[in-house]
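Just below sit the structures, each encoded as structure tokens.
Same chain, two partners: chain A is paired with chain B first, then with chain C.
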Partner chain A sequence: MAFTLRSVKVPPNSASLEEARHRVFDFFRAACRSIPTVMDIYNLDDVVTKSHLRSAISAEIRKNLHVTNPKVIDMLLFKGMEELNNIREHAKQRHHIIGQYVVGNHGLVQDLGAKEKDMSDFLKSFYKSNYF
Partner chain B sequence: MGLGLLASRALRPAASRLLRYPPRHGLARAIGSTPERQSPEASAAQAQPDPAPELPPRKPVAGARVHLPNPEDAIEVFVDGYPVKIPKGMTVLQACEVAGVDIPRFCYHNRLSIAGNCRMCLVEVEKSPKPVASCAMPALPGMKIKTDTPIAKKAREGVMEFLLMNHPLDCPICDQGGECDLQDQSMAFGSDRGRFTEVKRSVVDKNLGPLVKTVMTRCIQCTRCVRFATEIAGVQDLGVLGRGSGEEIGTYVEKLMTSELSGNVIDICPVGALTSKPFAFKARNWELKGTETIDVTDAVGSNIRIDSRGPEVLRILPRLNEDINEEWISDKTRFCYDGLKRQRLNDPMIRGADGRFQAVSWHDALAMVGEVIHKVGPEEIVGVAGKLSDAESMMALKDFLNRMGSNNVMCEGNGKHPNADLRSGYIMNTGIAGLEKADVFLLVGTQPRVEAAMVNARIRKTVRATHAKVGYIGPPTDSNYDHEHLGTGPQTLTELAEGRHPFCSTLKNAKNPAIIVGAGLFEREDSDAIFSAIETIAKNGNVVRPDWNGYNVLLLHAAQAAALDLGLVPQSPDSIKSAKFVYLMGADDINLKDIPDDAFVVYQGHHGDQSVYRANVILPASAFSEKEGTYENTEGCIQQTLPAVPTVGDARDDWKIVRALSEVAGVQLPYDSVGGIRSRIWTVAPNLVSVDEREPTTFSTTTMRPNTNQKISPNDFGMAVENFYMTDAITRASKIMAQCSAMLLKK
Partner chain C sequence: MAMRAAILRHIRLPARAQTLAAAAAAAPRSWDRSPLGGSRAMSSHGDDHLAKEEVAERVLSVVKSFPKVDPATVTPDVHFQNDLGLDSLDNVEIVMALEEEFKLEIPDLEADKIDSCHLAIEYIYNHPMAG
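Entry: the complex of A and B
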């Protein structure tokens, strides 16, 4: 199977932070360009909009805002590229995409977390198990 | 019997003697015997010049204590040269026990009559020509008993050889293996081979019903089971047939053993002839983990040991407690455990609009209950604790509902207007062991045989030992001791209260009369009037005196006494008929028709029993084998269960559920741990915190109870327990109990 985007050989390490930064932008653009295809193959039109997916991608990138080491950025880019490839090659299924990028990682537990704040320790452990 | 002790005692002297006499190889050696055992007299003579025994004083076996009623009656005997003082009338075997020497035995059992037919307990007594059977021989002053001599050893070896002659080599497939007296004692005292070469005899197995499995070829005719059945259980079902090598144990005719104590023959059978049918081939006893806990299937609180492997309860055995169950337990206690595996509730569930239950998370279930409880008025909230509830959960339930503004918390079985103010009005004041001192019993509306089998065994023991008289008022019943059926209903009671009945004089002339009232009477509409009639009888018969309180209430359920101690008394007796929110904490025997159709019912419990059909929300709880809980038995003794196995599924302990719910409902209870809840209990009923103690009552009821203007209704007393084998959620779920009631109760 042709993993199109990765078939270009692994680029040499970024020489500077500046170069790494540019690569990030390139990656972002590549990802954005695949959004229509992705929405198409995973049938996402009725659950999400293009702009939502775009902001989901940028949010994933912004998670690593604090990283300044170009080597680490290269590694993260590589992982991002791999993920993008997998998505484009339909190596994932619809619920993976919805779970990770549409609803978000905390989708299902989010509201519980808000309530848990004013719960006693007793109740918290009660929900977990009988033995505490 | 301590095998290690036996073995070491058997081996030590032999080894030292072997060192003294180098082995004589040339000698023709008889099978399985050390040389000096062939001519015990000679070697005994050789061994004589041993210096005076420098035996250290030994501790009595199993910490046995001798109680010398009057010191003049004490006699002194010498066991292996060590002097002991014992009361007159003790047997040689008991004297040895006091001296710390455990004599091997098969037929002797200290709660049964002496049979003296196995001969395993032979010891040597100086100046007696032959070894004597110590279990049957009374100790005489100055007797010199020798338990360790070659003669005694040879005698035991011989008995062992004869016993094994006809005993099959079943140990690898025998359920008794590992806890078999014959196995242990043949290791300690037997010879290494036998001289018997012919075929072993075989005996047809008997069918004793769904509980006791028989492999009669293994029987060694010790007759312990026969004596147990006739003496303790009071059924003449077992007996000895035939003589000599044709001797067999059996029921004389094709008949099942119909006793509520039949399971105990499994424990007393020293070999694997009688074993537990449900436990057959399930496990080996050394794989099991024992947990010492108590039974909750009736109000006696028998002490039991739960044997479990992993998450499974595999069997239940009795534990010695002289004050409560001696060393017996009823069949219900022993065999109800398979009910713990069936019909269990393991997830919180909410009944949907379509009437089906749907499993939800604890969070959702509690949120729903917490929401609904705020939508009804405080007086429309009713809580009912079930018959298996522990004190902790009842305390939490009462506190929770009180905080919600409701005062309608009750415990099933305690009736509409229980009298919780006077403790002596609802417990057994004499105590279970104290019943042995009574000489006249008056049973009012109670059938102890089905309500509390262990109490019944006590009464039977007393009747047998002292010929105490028993008068009984209630429906005709099948009792296993002589009793006088005085009448079936309250008229007889009134006659007794007014002194018109002939039994009155028996009661008056008695030294220690005991009245036992069944808790089934709590449920009657006229209970107050009945109890005041009983108190009149008690007063006339001088039943309650400073030195003797013979007024007893025999409760039916494990939770009842603690519920009354904690004051679980409904404010308005009929509150359940107008309730909008009903909290059933394991209550399965209330009349579900009383609950209005629009009421929201929460069922918290461990079994999918009757109440589940009416419930809107199910909160799964843990059963008595899975939690630590405090129970008070019918004589007011506080005991605790200990968790033997983990809880099933997503279940939680009862009090934790109530505590969590209280927080969700916004009225958080102030305790987070068992310790916390116990200190709360301490402020309400301090006696419930002192575990393993029995708090005697201080007041006598006869003067304190308020007068009532109720009329006694002429309706006869009913049966409180219809089916002995199925009385609660656990026993109703048990397959073995269902078999028992199908086979043993059919008329």
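Entry: the complex of A and C
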């Protein structure tokens, strides 16, 4: 498939942590700028706002806040870029996007309240999410 | 050919009247009375420049609606990282939100320098494409 080949170009490693940091910001900007296209092709206008998606992207980046090795950051950036390319090429379906980035880690059932007490741990994590 | 020449000789467009009407309809600025006349109808920018108060108000509302920011602490001179307790990624996120609000694309080098409400307002106010 054409788009997988196109995303396999690997840029040279970041020479320093500072350069890797800048690449993270560049990636974040590229992802933010493709939000309107993504919302358009997956019909997301009625389920999510642009600012929510922006926060979802930054939350994904923030998961790897502790990484200080530039090579590891480059690898994570590569995976992020791959994911972004896949999303932009419409290689995913609408429910993938909604499950991973709209509903996110809050899970499908959000107002459990009293019912939650007599629920097994398995069932709780089952309701929570596939993605972690 | 003869037909075409005859028609062209007799047709008269009221060009003068049109430019005068357009100039009167548009805001009375100096370039409206230039020989070219008109209000640059096909121009995509420049004619409706934003007022500074409006820019400031919209920038502040974008910053206030940012999830991690307490709206009460936002003032026009607030610094994103020093005063609001945000980090560099939040800073980029706010600049992206501003890009969306004002329909701009801020180049990376300039976006890196925008780190306070004051700078954001100045930059967007001086940007010709802000809308």
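Odds and ends about this structure:
The rule is short, and it goes like this: the second predicted complex is superposed on the first by the 97 of 132 C-alpha atoms of A that agree within 3 Å, B and C clash if a C-alpha of one lies under 4 Å from a C-alpha of the other, contacts with A are read in each partner's own complex, and residues count from 1 in each chain.
Everything below uses one rule, namely that a residue touches a chain if its C-beta (ideal position, glycine included) is under 8 Å from a C-beta of that chain, and two chains touch if they have at least 3 such contacts.
All figures in this text were calculated on a predicted structure; none of them were measured in a lab.
Once chain A of one complex is fitted onto chain A of the other, the partner contacts of A:L123 are limited to chain B, with no touch recorded for chain C.
Touch criterion met: A:R62 reaches chain C, while chain B stays clear of it.
Ranking chain B and chain C by residues of chain A touched puts C first. Annotation: chain A has no residue touching chain B in one complex and chain C in the other. Residues 21, 24-26, 28-29, 32-33, 50-51, 54-55, 58, 61-62 of chain A are the ones that touch chain C when the two sit in their complex. Against chain A, the residues of chain B that register as touching in their complex are 361-363, 622, 646-647, 651-653, 656, 659-660, 663-664, 668, 672.
Interface of chain A with chain B (complex): residues 112, 119-123, 126-127, 130-131.
Residues 65-67, 88-90, 92-93, 96-97, 99-100, 105, 108, 111-112 of chain C are the ones that touch chain A when the two sit in their complex.
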